[in-house]
Amino acid sequence: MKLIIAYIQPEQLNEVKQALYEKEVYKMSVTNAMGCGQQKGYHETYRGADIEVNLLKKVRIEIAVNDDFVDVTIEALIKGARTGNIGDGKIFILDLPACIRIRTGEKGPEAIG
Amino acid sequence: MKMKWLKMPALVAAALVLGLASPSWAQDAAEPEAVFDAAAAVSESAYAIDNLFLMVAAVLVLFMQAGFAMVESGFNSAKNTVNILFKNMMDLCIGMMLYFVIGYGLMYPGDGGNGWLAFGQFGIGGIGADAAEAGALAPQVDWLFQVAFAATAATIVSGAVAGRLKFGAYLIYSAIITAFIYPISGYWKWGGGWLDGMGFYDFAGSLVVHAVGGFAALAGAIVLGPRIGRFGKDGKSKAMPGHNLPIAALGVFILLIGWFGFNPGSQLAIVGKDNTDAVMLIAVNTLLAAGAGGVLAMITTWILHKKPDLTMAANGVLGGLVGITANCDGVSNVEAIIIGAVAGVLVCAGVKLLDALKIDDTVGAFPVHGLCGMWGGIAVALFGSYDGCSSQAIGEYGNWVAQITGSLVIPAWAFLTMFILFTILKAVGLLRVGREEELRGLDIGEHGEEAYNGFQIFTTN
Amino acid sequence: MKMKWLKMPALVAAALVLGLASPSWAQDAAEPEAVFDAAAAVSESAYAIDNLFLMVAAVLVLFMQAGFAMVESGFNSAKNTVNILFKNMMDLCIGMMLYFVIGYGLMYPGDGGNGWLAFGQFGIGGIGADAAEAGALAPQVDWLFQVAFAATAATIVSGAVAGRLKFGAYLIYSAIITAFIYPISGYWKWGGGWLDGMGFYDFAGSLVVHAVGGFAALAGAIVLGPRIGRFGKDGKSKAMPGHNLPIAALGVFILLIGWFGFNPGSQLAIVGKDNTDAVMLIAVNTLLAAGAGGVLAMITTWILHKKPDLTMAANGVLGGLVGITANCDGVSNVEAIIIGAVAGVLVCAGVKLLDALKIDDTVGAFPVHGLCGMWGGIAVALFGSYDGCSSQAIGEYGNWVAQITGSLVIPAWAFLTMFILFTILKAVGLLRVGREEELRGLDIGEHGEEAYNGFQIFTTN
Amino acid sequence: MKMKWLKMPALVAAALVLGLASPSWAQDAAEPEAVFDAAAAVSESAYAIDNLFLMVAAVLVLFMQAGFAMVESGFNSAKNTVNILFKNMMDLCIGMMLYFVIGYGLMYPGDGGNGWLAFGQFGIGGIGADAAEAGALAPQVDWLFQVAFAATAATIVSGAVAGRLKFGAYLIYSAIITAFIYPISGYWKWGGGWLDGMGFYDFAGSLVVHAVGGFAALAGAIVLGPRIGRFGKDGKSKAMPGHNLPIAALGVFILLIGWFGFNPGSQLAIVGKDNTDAVMLIAVNTLLAAGAGGVLAMITTWILHKKPDLTMAANGVLGGLVGITANCDGVSNVEAIIIGAVAGVLVCAGVKLLDALKIDDTVGAFPVHGLCGMWGGIAVALFGSYDGCSSQAIGEYGNWVAQITGSLVIPAWAFLTMFILFTILKAVGLLRVGREEELRGLDIGEHGEEAYNGFQIFTTN
Amino acid sequence: MKLIIAYIQPEQLNEVKQALYEKEVYKMSVTNAMGCGQQKGYHETYRGADIEVNLLKKVRIEIAVNDDFVDVTIEALIKGARTGNIGDGKIFILDLPACIRIRTGEKGPEAIG
Amino acid sequence: MKLIIAYIQPEQLNEVKQALYEKEVYKMSVTNAMGCGQQKGYHETYRGADIEVNLLKKVRIEIAVNDDFVDVTIEALIKGARTGNIGDGKIFILDLPACIRIRTGEKGPEAIG
């Protein structure tokens, strides 16, 4: 099993969800994040003083999948999130040795879906 | 709002006429100056009361600016809040400058205009009324009351076009509506122009104020097009929920309070039993229509969507208020409830209609101010009875032709002129912000400033 | 609020009596009509002033609806905000309809009732007062002022029962209190019923309005039971903090402002030196009691919890206002400070008491409106002196028996009837939302709408 | 605010003099009581109107407390919100107690003081005015209006020192300014002291109220030092953005509304054509200056920072209001626009100046109330013309020496006394919270209470 | 060492904390998350238009534990979070090769607690 | 590649960013978190009732780095975040087997930076 972490542009979240649904990936967890990368920030002013904003709003998606689903999930993530502009984001893939469903206590691959 | 010279109560007028013009009786009295002074003092009191009344009314109407700012920002997403607040603040600031310089003179040119377009003077004119007497208004307070109305008409639009209109374009729109569009159609009715001449009646501005704003809003929403994501690829309407309903609800309460300046103040005088009674009737009718609008809108959404919807009930309250505005001085309490109730349903229907037409009016400015404004004009003909508490006869205003003419012409005027303006702004590329700016929010794009610094807010749609 | 006929100032009355009833002197004057007109004009001015005064007061009292909405939603958690706002908007909208149809007629049935229950007429009655004179009120404005009070009594409850009461149940409660419960006990005192007959005094409604609301709130909170998690398994009181203290504080300021309509307006007239002076004394006493309540509540929490607590100080301000409401026209400034100070401590004690009894009143409606309302009634007997600025003699109201009777009977009436109502609603399963809905919040469960869309909010308790 | 005895309109005065002092004509009339009663009734009406007018004005000024609370908390970070709200509530509550006990007697000691320091009486004094007549004020309403002004002066500081001042220190400051500092310099002008004697003019308190608050704020900001992180290690000014701009904008609207009590109310009377006209001119000038201030501040920031800045435009509106306060009764509409426009630019310059001096005034209290207050005083000499609508002659107040003296002495008095006070508080360690508490926020440190429970908020700066 | 990530229902957080304390697991980090899984979403309406809400509010807990604590921690999480309803959540267990306490610079197992 | 997760005090975020920039670590993702550890919580009171707040505000930083950057990143994190007080936070280091840049589809070490 793998734990896939993706940082995407907030406005792409809906398309990512669509793309994942098409590939029958229905489970995910999402958090609000702020990211700093190649994408340039912007300047705000507040009462005449400058603020450089370089932590930009991003959305963090976490998806645990069985090994045979890793590729389709990544494809779907890229399909939904790619606009071709800097700031589109990253996908990190971690090994996930164990997984448990709280409700049933099921473990491993059955617990994921 | 009627002509000022209708307002002097008969008794006071009689006292004045006698006191000022009949030296005969004064000579007969032992101490003529004393009696004369008493009459003058009474006139001064009446003058003070009427002007105080109108000033308080004007302040209440100005307070409505806060109400609009809260409703409109609360009903939109957090990322456009600074922009909406700024537009509301500036249509008051810029609007009052232009209404001072041009608008007031266009709207109240005095006698001798051609009924369609005329111009009086720059600025306000003389400092004091000619004489201190009941029903006389200091020109300053008259202007104060009028400018508050002009600002109301202007600010109605800012909500409808939120989330995509450029700030500069809004300032241009706001300047033009307060300087020209609103004053010109205002002149037609309240300035004594052709609509007034044909017997059209609009007591406090369901049409003159609200429909002008509501139809300008419609024009803006159409020319701009909907926000990205507001209508799905399948054409289905997708909600883009407001981000702060407490301030929106507060705004509705503030607007309700402000309306007690808007409608009762439009009587323009309170001294004289007829005036006093009329003002009080107006106040109660205003409240009852608001309540009925709120209840009916709630019931309508409850039936349609299985759950009662706060934002629609809030719109219903406002719709009821707009609907009663034209006729609050000439209907009974029960009729006020009916007028408000119809407005409450109309608002819900209007929102559905816009959705079906894929027009994105983010706060319901058109259903509330446009549709219910027209309804208010029609209701004058339906229910209006002007013999009970006011000096107008029923036949004079219960005139279907005049009411229908006015209820069509004024909206058409606002819609067409504003449609042209927005289309020109679009053609020169001043109208709509870019896609990326729209998605990230106008607060950062237009103002480099966020409304809720530090708060974690999802901006996924 | 006293009877209307007490309000006509002596001088004006004399002028009227002489002017209207003594043709003899008029015949002696050279130009009788002129002199007659002057007197009538004076009366018209006085009529305009008194009615304007009451209208402004009514608008201020209606503004309190916004204050309650803000305080109650700010003091509760974010997930129930839409529900609270909606309840506040609807108890005004529905309440006014029912008070129009039934409530007003029950509360002011006119002469000839049995002192316990009587009914006057549906709706408001005649449009104008019989004559334009000082102290005469247009029925319309009288109703406007009265309905604002009724809405206040009703809305007090919505905070106490927040977070678990079904929306439909609230609408039923709200309809019944405005149509029946409040008007009936209101009749006992202000409508000239038995409590009034025995000499009970409650100037602006510490008991008639606030205690009715406060004790209805207590009944609601008891029958509903506490929110899940409000009291630990060990029985310890666990705080469930409010989610938006700025709007709550704004609400307190709005309520303070609104109280300048509530108390001074209850004089029902301002023309006549006695009335004017009374109104001004009332206004100052109102402010001083609020300030003293705030200071003392702050000090009390500072001592008890080592840190000054804003929400309790805010409640202290409101407690002071409620406490002064019954007696503001008959106590000195220093006494007003004392009454407010006691109320400030009482509020803190009341909150502690409810915690000890495991009653979950989420905003302190009972301590503020119930306890301090009773305190206001008792304070009439303790401090009230009615010879300084008003026409009542001290003996008439400084009557311990009457004050204690009224201060027990009115709360008991509200508590018992509402206890029965809530118990019935509970029995038929209409009262409380399910556990899951309560945890997730009533906004989604009851209205399918969130108050703060997009904001990241922990909803862990 | 002028002396009360200047307010009685000539006509009414004449009527009274004749009515009360000339028994001869009364005896000649057929029914002497009737004629006498009419005159007295007119006086009672006038008395009611003037007192009602001032009460409404006082209520509007008190509403400004809500405005300040919203602006100041909205312009600061979320973690200090409870603290700011609490300070605003308490400077009203504690301030009114002290102004009742000491301040009012110090500010209006009556005749016979030495012009620098005198004391009248504790509390308010008599209940009613000596006689019911136009321009006479019930002492109670006079105090109500005055205490609202005192609370305004006090509350201006709370924003400037936000985010680091200990709560206890604020209460001490607030007590001292309302009990001593503001009343003493107030006496110099409005109480009839030495500044008044030399011909200094400040109609509604650009200096007496606003500059006192603004310069006290400056002293506080200097002695406290900036918040951690407000100026980078490189000395560059770093923005610490406000957390809730909707409530800040609401606060600005509320302040604008409140100013219609502040300025027009300072005429202290409305009966009499001169008074009525003056009040209306004042109201319009107030609005126009606000609008011009907002527009110019927006334009200035647009030029300086490429984007229009809402918070500066909001400050511009307030700056315009402060600037017009001293002179609103003696300038024309166009002059009012000029005065407001200059204030709008001045506010922006002032903010830049403080940044350059590394003084951290979190809400711009000094630029708005201090700088624009001085500007208001100077503008009296520049533009003031007191022959048009008021009883003052131009020479009397268009006096450069007096205006410059007053515009320097009053700010200096406030700055120096407050500088000493804050320095003493610093020396004894009562002034500033610790570093950790400042970073985590005063809400938790000082009050153990959060303003936005449950909301996810970044507190990284 | 393991890094345990659990998604739970927000309203169970207090009970989970209690359960962990009983097992002497005192350290944890919590974030606000939104999850999409088997649990059905709900419909909101706003001004007459529909919104399907399928990202439901969840709480994400992250706990780093030494290997001998893994089982008790998981037990405690399940005990606190299980209500038996769909939506109770998941537990993911990752390997945690290294851990550092910032204050002291301690590394590995000592740094965890 | 490694995925470094650090929990720090919110007020140290700026200094941490500075320290990372100095080491030429420009990319990171930040989320708002609440933490419970050795650091004692505090008591709030609300309307007379007590609340024990033991979940304190923290900031969670996630940085994916190539192996040769791990040490400097950790050094920078410690330099920026350490104040010497309890509550300074923790750093967790996970193995990161795969990484993808959404915009380009680049994989592995090139995708990180």
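Points worth noting:
By written order: A, B, C, D, E and F. Residues from 1 in each chain.
Everything that follows uses one rule, which is that a contact is a pair of C-beta atoms (placed from the backbone, for glycine too) under 8 Å apart; a residue touches a chain by one contact, two chains touch by 3 or more.
Remember, predicted model here, so these are calculated numbers, not experimental data.
Any chain touching chain E that also touches chain F appears here: A, C. The interface with the greater count of contacting C-beta pairs, when B-E is set against C-E, is B-E. Residue numbering at the chain B/chain C interface overlaps only partly, since under half of the positions present are found in both copies. Annotation: 18 Å between the Cα-based centres of chain A and chain E. With centres taken as mean Cα positions, chain D sits 31 Å from chain B. As a whole-number value, the distance joining the C-alpha centres of chain D and chain F reads 48 Å.
Inter-chain centre distance (chain D to chain E, centres taken as mean C-alpha positions): 54 Å. Shown for chain A are the residues that touch two or more other chains, namely 31-32, 44-46, 94-95. The residues of chain B that reach two or more other chains are 29, 35, 38, 42, 45, 49, 52, 56, 241-242, 244, 247, 250, 305, 307, 309, 311, 448-450, 452, 455-460, listed in rising order. Interface note: chains touch in the pairs A-B, A-D, A-E, A-F, B-C, B-D, B-E, C-D, C-E, C-F, D-F, E-F.
Chain contact summary for the complex, chain A toward chain E: residues 3, 17, 26-32, 62, 64, 94-103, 105, 111-112. Partner chain C is touched in their complex by these residues of chain F: 32, 44-51. Residues 10-11, 13-14, 32, 42-46, 57, 59 of chain A touch chain B in their complex. The part of chain E that touches chain A in the complex is made up of residues 5-8, 31-38, 55, 58, 60, 74, 77-78, 81-95.
Those residues of chain B lying in contact with chain A across their complex are 229, 439-440, 444, 448-450, 456-461.
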